[in-house]
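Before we start, here is the structure in question, set down as structure tokens.
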Amino acid sequence: MVTKAEFPEVVWGEHKSAAQVLASLQRIAERQGMAAATRVGSRVAAEVCALDAAVSYVEPARMLVLKSDTTKQQKLPGSVALICAGTADVGVVEECRVMLAAAGCYAFKLAESGVMGMHRIVQNLDAVKAADVVICITGMDGGLASVVAGLVEVPVIALPTSTGYGAAFSGVAPMLAALNSSAPGVCVVNIDSGFGASMAAWRILKNAARIRQALTKA
Amino acid sequence: MVTKAEFPEVVWGEHKSAAQVLASLQRIAERQGMAAATRVGSRVAAEVCALDAAVSYVEPARMLVLKSDTTKQQKLPGSVALICAGTADVGVVEECRVMLAAAGCYAFKLAESGVMGMHRIVQNLDAVKAADVVICITGMDGGLASVVAGLVEVPVIALPTSTGYGAAFSGVAPMLAALNSSAPGVCVVNIDSGFGASMAAWRILKNAARIRQALTKA
Amino acid sequence: MVTKAEFPEVVWGEHKSAAQVLASLQRIAERQGMAAATRVGSRVAAEVCALDAAVSYVEPARMLVLKSDTTKQQKLPGSVALICAGTADVGVVEECRVMLAAAGCYAFKLAESGVMGMHRIVQNLDAVKAADVVICITGMDGGLASVVAGLVEVPVIALPTSTGYGAAFSGVAPMLAALNSSAPGVCVVNIDSGFGASMAAWRILKNAARIRQALTKA
Amino acid sequence: MVTKAEFPEVVWGEHKSAAQVLASLQRIAERQGMAAATRVGSRVAAEVCALDAAVSYVEPARMLVLKSDTTKQQKLPGSVALICAGTADVGVVEECRVMLAAAGCYAFKLAESGVMGMHRIVQNLDAVKAADVVICITGMDGGLASVVAGLVEVPVIALPTSTGYGAAFSGVAPMLAALNSSAPGVCVVNIDSGFGASMAAWRILKNAARIRQALTKA
Amino acid sequence: MVTKAEFPEVVWGEHKSAAQVLASLQRIAERQGMAAATRVGSRVAAEVCALDAAVSYVEPARMLVLKSDTTKQQKLPGSVALICAGTADVGVVEECRVMLAAAGCYAFKLAESGVMGMHRIVQNLDAVKAADVVICITGMDGGLASVVAGLVEVPVIALPTSTGYGAAFSGVAPMLAALNSSAPGVCVVNIDSGFGASMAAWRILKNAARIRQALTKA
Amino acid sequence: MVTKAEFPEVVWGEHKSAAQVLASLQRIAERQGMAAATRVGSRVAAEVCALDAAVSYVEPARMLVLKSDTTKQQKLPGSVALICAGTADVGVVEECRVMLAAAGCYAFKLAESGVMGMHRIVQNLDAVKAADVVICITGMDGGLASVVAGLVEVPVIALPTSTGYGAAFSGVAPMLAALNSSAPGVCVVNIDSGFGASMAAWRILKNAARIRQALTKA
Amino acid sequence: MVTKAEFPEVVWGEHKSAAQVLASLQRIAERQGMAAATRVGSRVAAEVCALDAAVSYVEPARMLVLKSDTTKQQKLPGSVALICAGTADVGVVEECRVMLAAAGCYAFKLAESGVMGMHRIVQNLDAVKAADVVICITGMDGGLASVVAGLVEVPVIALPTSTGYGAAFSGVAPMLAALNSSAPGVCVVNIDSGFGASMAAWRILKNAARIRQALTKA
Amino acid sequence: MVTKAEFPEVVWGEHKSAAQVLASLQRIAERQGMAAATRVGSRVAAEVCALDAAVSYVEPARMLVLKSDTTKQQKLPGSVALICAGTADVGVVEECRVMLAAAGCYAFKLAESGVMGMHRIVQNLDAVKAADVVICITGMDGGLASVVAGLVEVPVIALPTSTGYGAAFSGVAPMLAALNSSAPGVCVVNIDSGFGASMAAWRILKNAARIRQALTKA
């Protein structure tokens, strides 16, 4: 019989009441040690936090986090580099950060590192090269993913954002730029999908963990 | 000083003469043991093959391949599963296959495995789960990547194709479907970009190889 | 002289006052035994319900329902299967459910049955195959209609929803996916059009009823 | 175990040699009594016809037909009305006609019956109302499906065509018009997809046949 | 020296204060006998009406009207037929009606006359044929202009509206349908542009008036 | 009983044989004194001209013309100004010219009169103002219609062309520009539709003729 | 070592608190003599102005300005002409004006100078020709840039605005018109990007200043 | 009286015979010392070259050049940097080069300098900074203009090309990227418009020449 793959479980907060969200968070945290809910508006978030003081709200990411027993949490070896330009994309960056934490992945952030701040990427290039995956969070012209992917051999995920205006068309411009990257092997997730980019990174770390496990067993 | 990453070198055949293509193939094969050229029309291909009998033409992929001394070729451990539906996408599938071979990656193909042939995927699920990356080559409704990504935890790259007509809009329909996958963590490359999907897979295998190397050293 | 076809009458609630909506509901219920109004905001809905206690509000569908004398209602034999994924599409699903009830059609719902919940469709496949029409309510990647249509021979109507974000383009992605279904003979209605899908289903049940009538007469 | 639905088998002719097409036609005709191949260019068609005199080419539809033993063919009761405007859509109309014949469905054609020829539809309204499905083949403004669907209660499938130029955008204009039909319950298939419309009609006739069978058994 | 054409002057109300709008209305009414302002929100409208009791607000059209001395108003002979479907387009229809009145053109309205209400057009066909221009106000499938233009020889202006949802794309669907009209010689103005359609009608009546004048002079 | 409007009959040449085209031309010329066929390729055109020496081919317009007895032709009083920029739009301009001639309308052409040749329009402004309709044939930026419509009060029809490249998107750019004209009352027909613009002009002249007739009768 | 270019520094106000905006303004004004912040909503603006009386709010441009010691400000020789049509674009025009002032560039405005007000451009043509750059702020049909660029040889920057409705598609129509200008050498910046147009103008003035400097040195 | 600006005259070769092209070239060369024709196919080009040996064909640019008396040619001081990535854009690059030569502007080329070849730009940065204008010819992801514009203060014109496939949408992707450049003040011309970019550069050099002239006079 075909068994479903086991992905890190996350609560989709939209269209749900505070009670529903909290119940799901508690159920998942019980098992995973940590639980997160996405797309939670500030009103519902306040209600949930009032009901359970252990829940905290990451406002820019519109996410709720419940850490119960972090020793229970399955940690994956390896690391994810989050590279982004300005403060405009902070919501999407934070969604990645919280999501990856909930999925047991270690992530570090290189901010102010857009096309106008390439020197910061160059300064931190060794850390980026040592990561197992790079997520380039990239609004406006979307050039960041191409530039980074030309410098490193590790897997690069472009996460276009809806930052910008006019002919950015709510993220279409950076999405197309990333799909047409002149550096080889960039792959792309949906606009503003911190969730999607994190899960794609999780798949890569998970596979690497399997390899590590096989080798250390042997 | 910043050093460029070292990607597998491939000849972009468009707008080049037979002599130019052959020279590049020979230079790369000398170093890499095997060389490939993409986007080569049948006329130029015939000329190149006439000039050097060691070159062969993979017609559906519009690629030329020159194998000189395969012992020189750097092979990466691990494997790539190529899943596709019908014969319509054969050109893109073949571009992946040749590209991955040229990049030293082992790939195997599951054909006739679209949404209408899910039983074939289920029959081969163990092999797919054992792969390090899955590339879903997917025209028309693009549903294949979602379905596969729901069954396996390994990295999934959706490669939309321009197969189809009318409201497929030359690959836009499957590209959008893949970007909106209901299974978590699918990532997407450009329409018909066998090259892009292969290089994204290469990045993942390359990173896994680095992990293997580090562990076996230790 | 050409006589107009007789479709089930429904009140289009938009841009109408509570009094206007109620008058229309009462006129229709008088004749059809049951009446429904679509696109009714919560404020107008509250006013109508205050005016006539027999009217109830189906909030997620933004519809008002007035049942007067259900013995008057013309019931069509046969059934409609409503298949949907998560809670995000509940508004559109409910619009179908209420609409079909108002049109005298029996409908049953298979929830949590998206591409990630295929096992639930498989478990209920006999019921789906026994239905006269299947409506697949499908946001995001729109793959649901293709998968279902590959399993059953009964008519399949894809009802794309505006659920999702970014490159879902408010329902364009699942609409295109459904129009390009790799399973044969899927047909599609407008995005979020619970009304359209229900009326298309009604046409099929109505025609089947005519066949039944002709055969039992004979 | 889940068994696949049994759709009428058709040969997809694109990218196939004459020998491959013929072999498939013969295999299917052997079982179904009649076989058809779509998307066959004139050159391959001529080759196939030269190989087997029993095969004939329906040029406007770019289809090949092989009738072996028509007594073997499973015929479905009921009828399909094909309504179209001018000669420009003849290819798509013919694809429907041949496709439906191969699927065992009886179809009749109302030509010259676009928005500018409504009188012809009115003259033949009884026949249209007696059909089990209407397929409106409709380029340019796509108004035909709305007009017809306002006159009859039977299921209406809009089949937009790429006829027209400029702002018709290769069938997008009539496709959008049909998706927004002001008559209730029109459903839509892909642009130029005679195959899709026919299979959607087949599903409706097949279901009606099942009803007939159940009633006559009882 | 090139002199500018003299169009009926209208106040564009957007981004203007009540005092500014009123001053413009009074200046124009002084000269033209009647003045109108478009795109006036309800708040500014209330302020203007409070300042000058002679001004009235046509709420669905979001227009203000000031009639001072209607004997001063230049009336054009001839008439404009406004044909529309349901109540959803009432704002655009009213913008036409007020606009034409301010421009000295006589207009009459045929409501509930969409594709589903063709019998009403047929009943009033003589009046429509006697008009000098027909404006078809048409949301959703936009089929109305084609149908009307097939019945009359007088100039037909299609005025697409943003009524509808999903694949209507805020008026794009009916705009494309009108641009691809299968009836000859339909011309189209911008979505929701009651102003544009009225001024196009004014040009035709104005030209007809010039002809009348020339003939009666002679 | 509803009688169809009587439009000037024209042969749609696409997908027709030389014999079919000629037969239609002869039938129409017999009645109208002159007949025209549109969308005729050079090969079919040569065949028709070889069959009947009275037929001539207007190559840039891809039209055939047959004049039999021009005394039979119904001429409409008034005139149409055709304003265009460069030689690139000559095909569309010629389609208008031939079409209008076949419809009995007098037309004159102002060439080299685009936005870069405004002085030529200014020099000929009296003739333009004396016309009953102006057709602005306008590729690239589509600014011509706005500029002309700001100078004259007569009806202005914008006929966008597919001339240009890149972001002209085969006529979309000038079509959008014309739909958004800053001069009041410009109306628009489909891209490259010399037929549509001519028939819209015919409607205006026809209506003016009716007015003339009524006044001269009285 | 590569040194970054030195652009005039501006505060991007979006997503920032009043305190953050003020701190940045003061830091920049300290160095540049004048500082500006863009995309500041009225609430934050009021807070900033309350904190520091030297800051003023340019409401239509949604910008804050802080002038400290204007003798410190680096002024560039030359001038920029801002040409615009009506009051609708005032926000974008003001963003240009303030931005250029903050960048040390002298600008003058020609208002009411759209395609319908060409006489005003002609009257002021000498001033326009004497400018070093012309910025055409242009909504709706976007024809302004073409017309102006046909009259002058100085660099012309088209700045499309989101003014308009329906088929203006929030600035897409004028953007496409400008990209397809029939006058040679128009270049285009993003929709509503007063910032972008001003910086492009600054680059031209800066380069001209360098030339002046080189010549006067010599 | 308004006098037209005097732009360098160029022959638009499309839709013209060899004789017409040659006559125009000779007339312009007579006056300007050098003349060029764009959009000339290879067949017409061969005819022109056969008629006049002084004419040469620049095949990748599809341009003809006639140099008569280069002492007559008006040369503008200053220089234009043409920066491009690979060989794929050679046609557009050459159109710029020939166009600028014909307009009397000095241009130099930095090839192989895309996002993957940034080191070449860095090596040549002094030359680029010394130029008066930079034209970035940029297909695929269009990131080149952003990167270059972040390094230099001189005017930067992005010239997107139709190079690429799939989601490059024939130049739309790099065009949008350039319009959304994260570096300030990039301006953009139409896709593949070597003509447009060159004329925009010419305007800047021309204006700089006027400044030089004024200063040296004084």
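Order of writing sets the chain letters: A, B, C, D, E, F, G and H. Residues in each chain are counted from 1.
Simple rule for what comes next: contacts are C-beta pairs under 8 Å (C-beta built on N, C-alpha and C of every residue); 3 or more make two chains touch, one makes a residue touch a chain.
Small disclaimer: the values here were computed from a predicted structure and weren't measured.
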Review point. Pick the pair with more C-beta contacts: D-E or D-F?
Key: D-E
Practice item. Name whichever of A-B, D-E or B-D reuses the F-H interface, so over half of the contact pairs are the same residue numbers. Key: B-D
Review point. Rounded to the nearest whole Å, what is the centre-to-centre distance of chain A and chain E, using the mean of the C-alpha atoms as each centre?
Key: 52
Review point. Using the average of all C-alpha atoms in each chain as its centre, how far is it in Å between chain B and chain G?
Key: 47
Exercise for review: Measure off the straight-line distance from the CA centroid of chain B to the CA centroid of chain C, and report it in whole Å.
Suggested key: 43
Point to revise | Whole-Å gap separating chain A and chain C, where each centre is the average of the chain's CA atoms | key: 37
Study note, to complete from the structure: Residues in chain B with touches to at least two other chains are numbered 4, 116, 150, 166-168, 172, 175, 179-181, 190
**Study point:** Residues of chain H defined as touching chain F within the complex
**Key:** 4, 12, 14-16, 160, 162, 170-172, 175, 190-193
**Study point:** Contact footprint of chain H on chain F as seen in their complex
**Key:** 86-88, 90, 116, 119, 165-168
Study note, to complete from the structure: chain D residues touching chain C in their complex are 2, 4-7, 78, 122, 125, 132-133, 150-157, 175, 179-181, 184-190, 195-204, 206-208, 211-212, 215-216
Check your understanding: Which bits of chain C are touching chain B when the two form their complex?
Key -> 85, 114-116, 118, 140-143, 146-147, 150, 164, 166-169, 172-174, 176-183
